[in-house]
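If you scroll down you'll find the structure; I have some questions about it.
The letters A, B, C, D and E name the chains in turn, as written, and every chain counts its residues from 1.
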Amino acid sequence: ADLEEIQERGYMEVATEDNYAPFNFIEGGDAKGFNADVLEELRDYADFEIRQEILPWTGLLAAVSNDQYDMALTGASVSDERLRVFNYTPPYASAQHFAIKRADDDSISDVDDLSDKTVGVQAGSVLLSRLPELETMLEDDGGELGEVVQYESYPEAFADLANGRLDYVIDSAVPVNTLVASKPDVFAKGPAVSGAGYVSWPVPKDSPELLEYMTGFLEHLKENGRLAELQEKWFGESFPNLPEKPLKSVEQFHELAGLDD
Amino acid sequence: MNASAWHMLLEGAWTTLWISAVSIAIGVMAGLVIALIRLARIPIVDQLLVLYISVARATPLVTLALFIFLSAPDLGLDLNRSVAGILALSLNTTAFNAEIWRSAFRNFSREQSEAAMATGMTPWITFRRIMLPQMVITSLPGLVNEMSFLIKGSPAIAVIGIVDLTRVTNRISAVTYEPLPPILVAGALYMAIIGCLVWLQRLAERRANRLAT
Amino acid sequence: MSNWEILWDERAQFWSGFLSTLEIFGLSIVGAFVIGCGLLYLLEGSRKRLTIPLRIFIDAMRMLPFLILAYLLYYGLPSVGIRLDAWWSGVGALAVYHGAYFAEIFRGNRLTFPPGQIEAAKAHGFTKGKMFFRLLLPQIIMQTRPLLGNQLIYALKDTAFLVIITVSELTAAANSLSSTYFIPTEAFIVVIGFYWAISVTMEIIIKQCGRFSAKRGFDNV
Amino acid sequence: MSEANTSEMAAVSIRHLSKSFDDVEVLRDVELEVKTGEVVTIIGSSGSGKSTLLRCINWLEKPDRGSIHIAGQRIGIHEDGRPMPVRELAKVRAKTGMVFQGFNLWPHLNVLHNVTEAPIHVQGASKREAEERAMALLEKVGMVDKRDSYPNTLSGGQKQRVAIARALAMQPEVMLFDEPTSALDPELVGEVLAVIKDLSAEGYTMVMVTHEMAFARAVSDQVVFLEKGLIIERADPETFFTTPKTDRVRKFLENHDTPSPA
Amino acid sequence: MSEANTSEMAAVSIRHLSKSFDDVEVLRDVELEVKTGEVVTIIGSSGSGKSTLLRCINWLEKPDRGSIHIAGQRIGIHEDGRPMPVRELAKVRAKTGMVFQGFNLWPHLNVLHNVTEAPIHVQGASKREAEERAMALLEKVGMVDKRDSYPNTLSGGQKQRVAIARALAMQPEVMLFDEPTSALDPELVGEVLAVIKDLSAEGYTMVMVTHEMAFARAVSDQVVFLEKGLIIERADPETFFTTPKTDRVRKFLENHDTPSPA
């Protein structure tokens, strides 16, 4: 529902996730992560109540687009398909895609080295839909994309990478940093495999005022320096060069990401 | 895995347990009611029930759970997620149970119910005092089997945000990046829960010997 | 573009998912059937040394969720150095798991098998193997067909769990489409249709078997 | 209701009873009057409609035409033609007690509870009262020491004696027996017949189908011969067994070598 | 092996046979010799061990002591005391044909296949050969026109006739009958007895348990009376039925009113 209705009823319902570190995850039974901290900031900022619901990713965007929730306070990557239904607040993190390899695997250092190797990626994700970019990169150098294995979620893909079924896994910048930081002796960050990508909060297209309100909230965090603090805390970097405006159309996204054919 | 992971697993097991228990109770009752209605062979109602049973048996639970959760608001229903989950599980298990009860009805000895009627019992008393107690014993293996399938299938309702045992393992491995240990523990917990049911079934089997005249 | 049009454009993905579900299902139930019959045969010999471990194995399978069995086979075995291919470990897990169920169904029926027929066979000089395959098994299979039918439906639904070990079948296709385009309702209606079609076909086949066996007087055994 | 004074009222009165299965007429215009205290035996060859007639009496089978009164009250249909609601039908049925060829004890209840089940749940007797009555009846059929056994542990003869006690427990106006000994091993027949004989001596009204000719001769007040749904002969047992009127009955009795009464 | 020349060799020779169930001695030191072509009838009251004796002959029941030879070959145990392996046991068993009280036809096979099943899958006969032989036997028992029927559509008498043909199809040295008519309705007994009578006339060797005294008298060469596991009388039928030596047999025969042979 749009802002007016939210203010009238006195609360906003946001959907968050439970297994996408470092954006949202559960530790010791409590919600943690970047968006969990942001949620606290939002509670201070808003003059209405914020109610949080935790859902698995599979049904989450569908539930938001069905009006079950007002918006998704998650680490959602921007994609063409999603822009059909959602607008995005200005990005708060990069979602450029990187390869992850085994720490002891010396055969991968450059994009070319990925040619013909087995790759794991999450089913139905933006990462999967942007694989053609990597394919083009490889083909430009006379290589080719190897076998693609789709996973329901990343922990299994990482398990298969560790046990050797996969040669590399593609994930976006932030979770890659987190993974490599937590298991430096098992995993290492490989080359980037896509152009720019963005992470931000999806707001249904029929709630333009809510989009504006959340954009204002993000501005507020930028101004008081909390955003940079939280980005450093959770992502390890603050992504200074992100776009400043909400993302509302495919064209706009493609121009920013340098995706135009 | 640390102490809090164990705590989460046990909590997940509890959720699995109570949601399954409620759905089993509803499913067993509703299955019996449907079997009774089908005995009456009311023209259109009967075909509708057959259709329901056929579709509900074939529909994967994940699908059903999401479907109910997402389409409830369109129907003007405000469903709590636990309610939606229980509804999905019950709709599914009821279809199977209805068939189990129905075959118990069909196999019930006509002579015995005639003997009951001959002593002046009304059909209702005959059903309650003579048929039901025996049908419970003869159907229990089938019912227990179905209960165990319900428990095993219950991870599907995690899709609408219910934190059951399997979902907890996902949450733990999302942080530790090691999916195997929590899965092993979850497996053991599932086996413990279903083991109790199998034991119940063994008890009933012993009783059933008495009915085999 | 409406949601249905999106699905129509992606029909190839559904179709290949459907075919691989059929393939997995077909192979694994044949395997499960063979395993079930094999277990029954082994249980026939009254040697306790063999029957007790077999009964424990069957009960363990019945208590373990299929998902977790598949998970252990696929992600657990590599830690002891065995690496199975996703497809084969999926089919293998399904076959073993439901094979144990088949065996339990057969065993239940075997308990009530008329002993007179066995005696008659012995008196006619049948050996154990011949008696099992020519006299026992055909009757047990025909008599348990309603239970077998139910079990086949459970097996069909268990194929959907194979998404977790990266087997791309029908549910995987639907999950993938619904999380790309978040149109779960439409995607899953299509999937329900496919699963329903398979199970209705199965029901019809089993009903035909029922006619056949009624004609042969199995119902009066 | 057509009630006469009790002393003269028939326990069972059957008028113009007809019944068909599919196209086969199994009972044709049967008339039968059983007085209170009387023992009537129905005999006839297999398929002649004996069981069907007995089952019509307590409406387990619905006749096509005709009326049946039990202790003056019509069963199944009201005098004005309205079908009887199930509760009322059950009440009239309770005036008859039936013993089946296959015993049909309820296997989930022990002997005592088989006997008390109907008094408690149909007549609303208290548990104590029902058990006292049941014990008296089990005494009568010689099954007191088996009161806690379950039916599957009893022999056929014992089962049938319990079934008789169960039927008696409802204090019926008339007892119906459908070949009560034909499913029994020859050695067990005697014990059941002895119980039935005792009942007849005590003045119970009974209608019985049996193939035990000697027994029929010994206990009956009236013997009825059924052939293809028709009553073709009825008489007191002496006349019936010694000087049958029809050839059919004579032939039947020859095949069922009838020894003189014990 | 202790083989004599064939013409004089006993079809069945039982020595010192004893058998207990739990603590009850069911057979005690039974000795029995059945010559080729002879018909031996075993009678005795219920529980006296008749069935057990018959079942020992083809090792369906394992005796505790004693030996059994069929056509000169020992069954169950080798002369040197080694237990016989199952395949070999099956071969010796096939020298006997057994007909049970409960028919025990295989319900999933039609009449013809019930008869050809064992010859094809045990003896390895060709399908054509087995069917030819089966048709001849079905002819003999009068069941040719039912060859394609399944057992559930047959009457008890027809089932038993098929069971006899099935046992004969193995070309046994001796036929064993355990109360072949006692599960039959009285009307159907005759047709089965007629078939068995024909077999005896054709010179088949048979051992039979029956309660049909008249029939036993008509077909037997030797009658054996079993009481509590002991053979207490054996004689030719004339002597046995007219001048029994023991009181026990006299009493038994009184209870089983024995008409003179048909």
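Here, a residue touches a chain if its C-beta (ideal position, glycine included) is under 8 Å from a C-beta of that chain, and two chains touch if they have at least 3 such contacts.
A quick map from chain label to UniProt name: B, C = Amino acid ABC transporter permease; D, E = Amino acid ABC transporter ATP-binding protein.
Since the model is a prediction, treat every value here as computed from it, not as a measurement.
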item	value
Separation of chain E from chain C in steps, with touching chains one step apart	1
Distance-maximising chain from chain C - centres being C-alpha averages	D
Centre distance in Å when chain A and chain E are each reduced to the mean of their C-alpha atoms	84
Inter-centroid spacing, chain C versus chain B (mean Cα positions, whole Å)	20
Centre-to-centre distance between chain D and chain C (centres being mean Cα positions), rounded to whole Å	53
Numbers and ranges of chain A residues touching at least 2 other chains	58-59, 62, 156, 159
Chain C, residues touching no fewer than two other chains	75, 79, 184-185
Residues of chain B defined as touching chain D within the complex	109, 111-112, 114-123, 125, 129-130, 133-134, 137, 209-213
For the chain C and chain E complex, residues of the former touching the latter	114, 116-117, 119-128, 130, 134-135, 138-139, 142, 215-221
Contacting residues of chain C [partner chain B, same complex]	59-60, 62-68, 71-72, 75-76, 79, 108, 146-147, 150, 153-154, 156-157, 160, 171, 174, 184-185, 188, 191-192, 195-196, 198-200, 203
Of all residues in chain C, those that touch chain A in their complex	1, 75, 78-79, 83, 86, 163-166, 168, 172, 175-185
Interface residues, chain B side, partner chain A - complex	4, 7-8, 11, 66, 69-70, 73-74, 158-161, 163, 167, 170-171, 173-175, 177-180
